[in-house]
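For reference, the structure is listed below as structure tokens.
By letter and in written order, the chains are A, B, C and D; residue numbering begins at 1 in each of them.
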């Protein structure tokens, strides 16, 4: 395959990108100054060297030069390494981007990134999410509560059921995010489950 | 104005209808059999004779032939007239269609239809919603709780604030629907307020 | 069925209207003043009395009081009755609304409204469009050219093929609208047929 | 800025990509195997070495190993270097991707890529498109016709006017793509200009 088609194929694997937009990306790079192209390439290549995955919450985070020269096993992100956070509360999220969003809501506990959800037909959940890592984390830590922050979707519900089953014998309080009207929604378009939840969590 | 343009203008006032679709409606009626046109006209005309507005919740409902011959003052809809409903709980909604939706969630109390929301700039709320009717209803009834079921929008919040202010001295418990993740929503796209609400109503 | 559900069903048959919007229409009418409701009903009912179908182009048009008292057979719309129009050119369109649009382009000939297109699987085209009326019109008039103004869709193409077949022995010039880039379209998103047409009609 | 934010910013400059999707790209790369990340980086870096810009039409195209070792000045793409193409007809397009599309329509001439369109407020058109390169190309070649294949948009029209002005004294036939109904469009939604064009290019 020629280099233009090959890179187009690589971009097609980017989340949400189809063939036409992938080709536009390649055209964009072809028209870009060679220097800026080399710069992006360098950044992508260096992503591994300049970032680390937190050994506690499993999210990716940037690391300084010094850190990147030393050992990167057991390294903690700025949230997990912050002694002022409430380590008794663990917020389990699907992906890294969820953390940024939860932080904005003022949550002061710690996180664990599952790395996805479990498809309904999946036979081995541990191949889709960090199930064993979560079990280990929950067993190790002196946790008071585990909040399951999954999407309010069928696959999110399925994943929550699996987590509840797996974690139930570890003797921790397990809670789920409240359902209700989310900002911007109207009663006329809400589904009965959401209304029932909004009714039971009224205040 | 000619009859085609006049009816087009009338349809433009229908909710969500622009000039082009209004004209399509007229074309549809022009091409329809005269009988079916007369039938729709008759139905629209008879809407007043065949329906009544509930004197308790203010929603519109169909009435039988017998009822329509008699007095229609003080007539109750099938929910307000049902002695098995929990009359101690009043669910305040914006519009008739909301009731159908809340019914599907299994709610067994009674309703009050505000007839809309109060625009942010409005100086006289009572010109936009049934404020006096609600005050009267709340004062008359032996209500234990008033649930404010407004949209989770800026105008819905504004209207709720007005209702809370107006109702606060009547000595009833006033609650609002819980906020949280509504069915189908993902944590990544939820706003901080919704996440904070979902956190505080976790269970 | 109760009057609210019945009228909702009637509105669901309006072009482009689903159950939810149909119900909103009924709510809108229920909340409207009885007078305005009666007015719309009257307008719909009177549509037949205040409009006529042109006996030449078959479009619907408003008629004055006088006209509506007299005979309405053989009545002509303002375009077909205008002696300054070019009666040698006949523009065949699918529906009434197309005429308004073609008029804006400055066309000065006359029209014929087919009343739709012929579905691909249809066995009797004359049940879907005014085929016999068109044949009669073409035979009667001293036409120099018939312009087939059908949609650039599969069903439009199918209908055009049928018309070309039916009209070919009547000895008139038959033309079709040019294809090409329509306003707002970009070369990157145009299909090969459109580009080929745009190329052959370049100027 | 940290490496995650920096790469996010770089992706935000990709065509059609906003901050949220740019961040998703970075997350995708962070979760990808280091090998596949290095592979994409290598491909982007090598884009310059494995591709060349045609010295005649200015589009980018992949080159073989051999070619890439030798001189790349004056190199021709496979269309411009094809002796069977009609070199008397030059199709001027906005961008590389347009060529793929025009090729599918069966065009057998040659191309010139402008590299964009000229914004309405731009004072120096040559800063936005390859104006001087086009003038040179038109002067050099024994062209019979120049087809201006610009978008049917305001900016496309503006650019076409500039090209017509600049090229008018070079003594070549200059044509523009025909306007008309593009595939899929309906008469009812066509603008008057498109209908007028479709009428004048009817056949």
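We take it that contacts are C-beta pairs under 8 Å (C-beta built on N, C-alpha and C of every residue); 3 or more make two chains touch, one makes a residue touch a chain.
Everything quoted here is computed from the prediction, not taken from an experiment.
Where touching is counted per the definition, subunit B and subunit C have no chain in common. The chains in contact with subunit A and with subunit B alike: there are none.
Ranking every chain by how far its Cα centroid lies from the centroid of subunit B, the top place goes to D.
One inter-chain figure worth recording: subunit A and subunit D are separated by 38 Å, centre to centre, where each centre is the mean of the chain's CA atoms. Spacing of subunit A relative to subunit C, judged by their CA centroids, is 54 angstrom.
Note on chain placement: the centre of subunit B and the centre of subunit D lie 54 Å apart, centres being C-alpha means.
Among the residues of subunit B, those in touch with two or more other chains are 95, 97. Contact topology of the protein chains: cyclic, one closed ring where each chain has exactly two touching partners. Residues 2-7, 10, 13-16, 21, 23-31, 34, 37-48, 50-51, 53, 60-62, 95-97, 115 of subunit D touch subunit A in their complex. Every residue of subunit A that touches subunit B in the complex is listed here, in rising order: 93-95, 97-98, 101-102, 104-107, 147, 149-153, 156, 175-188, 190-203.
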